[in-house]
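Two complexes come next, and they have one chain in common, chain A, joined by chain B in the first and chain C in the second.
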Partner chain A sequence: MIKYLLIALVLIGMGWLFLPLATEYFTPTQLNNLAANYVYGSAADLNMPNAVTSVVVTYRGLDTLGEVTVLFLATAGVGFFLKRKNSIKSKRRHGSEILKSGADLLAPLIILFGIYIFTHGHLTPGGGFPGGVVLASAFLLLLMAQEHFTFSHSVIQFTESLSGIAYVFIGLAGLLLLGLNHFLDPRWLNLGQWGKLFSAGAVPLIYSFIGLKVGSEMSGMLDSLQSDGGDE
Partner chain B sequence: MIETILTIVLAIISLMAAVYAVLTKKTLNAIIASGIISLLASIMFLLVSAPDVAMTEAAIGSGLTTVVFLYALKHIKDRRSTHDD
Partner chain C sequence: MIILIHGLMLIIIGIWAMLTRKNLIRIIIGFAIVDTGINLVLVAIGYIKGKTAPIINDAVSTAQGAAAGMQAVDKVVDPVPSALVLTAIVIGLAVTALMLAYAIRMHKTGRSLNIDDFEEQKW
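What follows is the complex of A and B.
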């Protein structure tokens, strides 16, 4: 009884804390200074239609680098705790006929869509993180549908480390070519034509590497979750 | 106007799913209910014109997280059944 009373008290307290958010909310009718700099700078300085990507990759590039590092640590932790056992012994169920046929048709399309999402991150909504997860979902579909489907873990780890290092080196190239205060600045490559695939400097490169890194990390994590724990 | 009504309906459904996920006895149902919450949240992000966030939420929140939870549930069940034997 006292448990429910405490839960109700906590809920009322949280409601009281969040009440100002609801009562003092007003819809802003114009951008504040910082947002205006980001939005107009994205079009004028970086030649990039998607302002969200310009914030994520360029203006807040260090945050993205940290985020990629956190994701790497998290998947490394999963791989550390779920040690791979004998994959021959692990019991994988047969995929049903519907799942097999669907996976055969859909997996290449999903991989293509994931690659589209992360290469066009500077033009259309999306980017490295959703694109990488879409890639991993295609691998998950194949893992579930086909009993004997495996992929090489060394290739996955090689892709992952190579893309991580490439991302840092692209950031350092900005530092070397444009001078101090330009770490992760993508403008050392040609800005190109507005709205073309190869435009906005190094942003498509950065997002492709992030997409490959996230995709390989997630695929490796799903594979170790799939293969672990079959037998004690 | 219609967007506001849709947002309110989605919010009510996701609140109901959240309460169901807490109260239900079956863990599988709770996992699926939490996946539904993420899916509805991604639709709400789309309604306030944030397609980038909506894509990420739909892919990670309702896709990947649900799958990871399902694998974890499977491992727990496997372990329980081997200990019971």
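What follows is the complex of A and C.
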């Protein structure tokens, strides 16, 4: 009884804390200075139509590097908790006929779509993070449809480590070629023509590596989750 | 504004679920609800009345480069919260998977998903 009272008190307290945020909040009618600077700089300095990507990859690039690290740690944690048992084959059901045919048709298209999303991150909505998850969803579809579908762990680990290290090296290239304040600055490559695929310096490269890294990490996670499904 | 209030309500509902439910899976679902609520609040804070997405195409400006940037400043919403949410969604997915892996592990050692069966984790 006392427990429910305490829980109710906590919830009411939180509601009271949130109240000013809800009642005193005005929807602004103008960008604040920082955001205006980012939007202007995205087009003027980086030659990139997508301001969100310019914030993710360039202006707050160090945060993104940190978040990729958090993602890696979470995946490593999943692998740590779910030890892979090679001796016991996990029992999987057959995919139904509809699922199998659908997967055969759709999986290559989904992979292509994921690659499209992360290579065009600087032009259209999307980027490395959603693109990587779309890639992993194609592998999930294959995993569900085909009974004997397995990943090659060395390929996944190789892709993951290689794209992670390439991301850091692209950042370091900015440091080496442009000077001290330019870690993760994409302008060491040609900025190119407005709105073309090969533009905005190294941003498409960085986002492709992020996409590959997220995709391989998510696929590895799916693999460890499904291979540990059965009881001991 | 309405989205902001809904996000705050989702946060409170998720915390209620985390505090009252006994089943580990339901606690994790509560966490996922809090996660969604926080994302909604962030996106709502970035909204600016009557403005469009911070991607410069023909609807925002037909100019190129710096000129497009000058025109876009008056026409788009704040890109910073969108950028935060973009990464936070994927991180939230990974953290949820980590918690589910932990739940599988606890079910293997304790043979139960009820949080009351894990006495040794009380203080």
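Miscellaneous remarks
In the analysis below, the second predicted complex is superposed on the first by the 224 of 232 C-alpha atoms of A that agree within 3 Å, B and C clash if a C-alpha of one lies under 4 Å from a C-alpha of the other, contacts with A are read in each partner's own complex, and residues count from 1 in each chain.
Everything that follows uses one rule, which is that contacts are C-beta pairs under 8 Å (C-beta built on N, C-alpha and C of every residue); 3 or more make two chains touch, one makes a residue touch a chain.
Here the structure is a predicted model, which is why all the values come from computation and not from measurement.
When the two complexes are overlaid on their common chain A, residue A:Gly15 makes contact with chain C while staying clear of chain B. When the shared chain is aligned, chain B comes close enough to touch A:Gln226, but chain C does not.
When the two complexes are overlaid on their common chain A, residue A:Ile98 makes contact with neither chain B nor chain C. With both structures placed on the common chain, the touch criterion links A:Ala74 to chain C but leaves chain B unconnected. By the document's definition of touching, of the two partners only chain C reaches A:Tyr38; chain B does not.
By the touch criterion stated above, A:Pro125 is placed in contact with chain B and with chain C alike.
Contact with neither chain B nor chain C is seen for A:Leu180 once the two complexes are overlaid on the shared chain.
Contacts of A:Val52 after superposition: both chain B and chain C are touched. Once chain A of one complex is fitted onto chain A of the other, the partner contacts of A:Val134 are limited to chain B, with no touch recorded for chain C.
Among chain B and chain C, the chain that touches a larger number of residues in chain A is C. Common to the chain B and chain C contact sets on chain A are residues 50, 52-53, 125, 127, 129-130, 133, 218, 221, 225, 228, 232. Chain A contributes residues 4, 7, 10-11, 14-15, 18, 21-22, 25, 27-32, 34-36, 38-44, 47, 49-56, 60, 63-64, 67, 70-71, 74-75, 77-78, 81-82, 124-125, 127, 129-130, 132-133, 194-195, 214, 217-218, 221, 224-225, 228, 232 to its touches with chain C in the complex. Partner chain A is touched in their complex by these residues of chain C: 1, 4-5, 8, 11-12, 15-16, 19-20, 45, 47-50, 53-57, 64-66, 68-70, 72-74, 76-80, 82-83, 86-87, 89-91, 93-95, 97-98, 100-102, 104-105, 108. Interface of chain B with chain A (complex): residues 51-52, 54-56, 59-60, 63-64, 67-68, 71-72, 74-75, 78-79, 82. Those residues of chain A that touch chain B in the shared complex are 50, 52-53, 117, 125-127, 129-130, 133-134, 136-137, 140, 218, 221-222, 225-226, 228-232.
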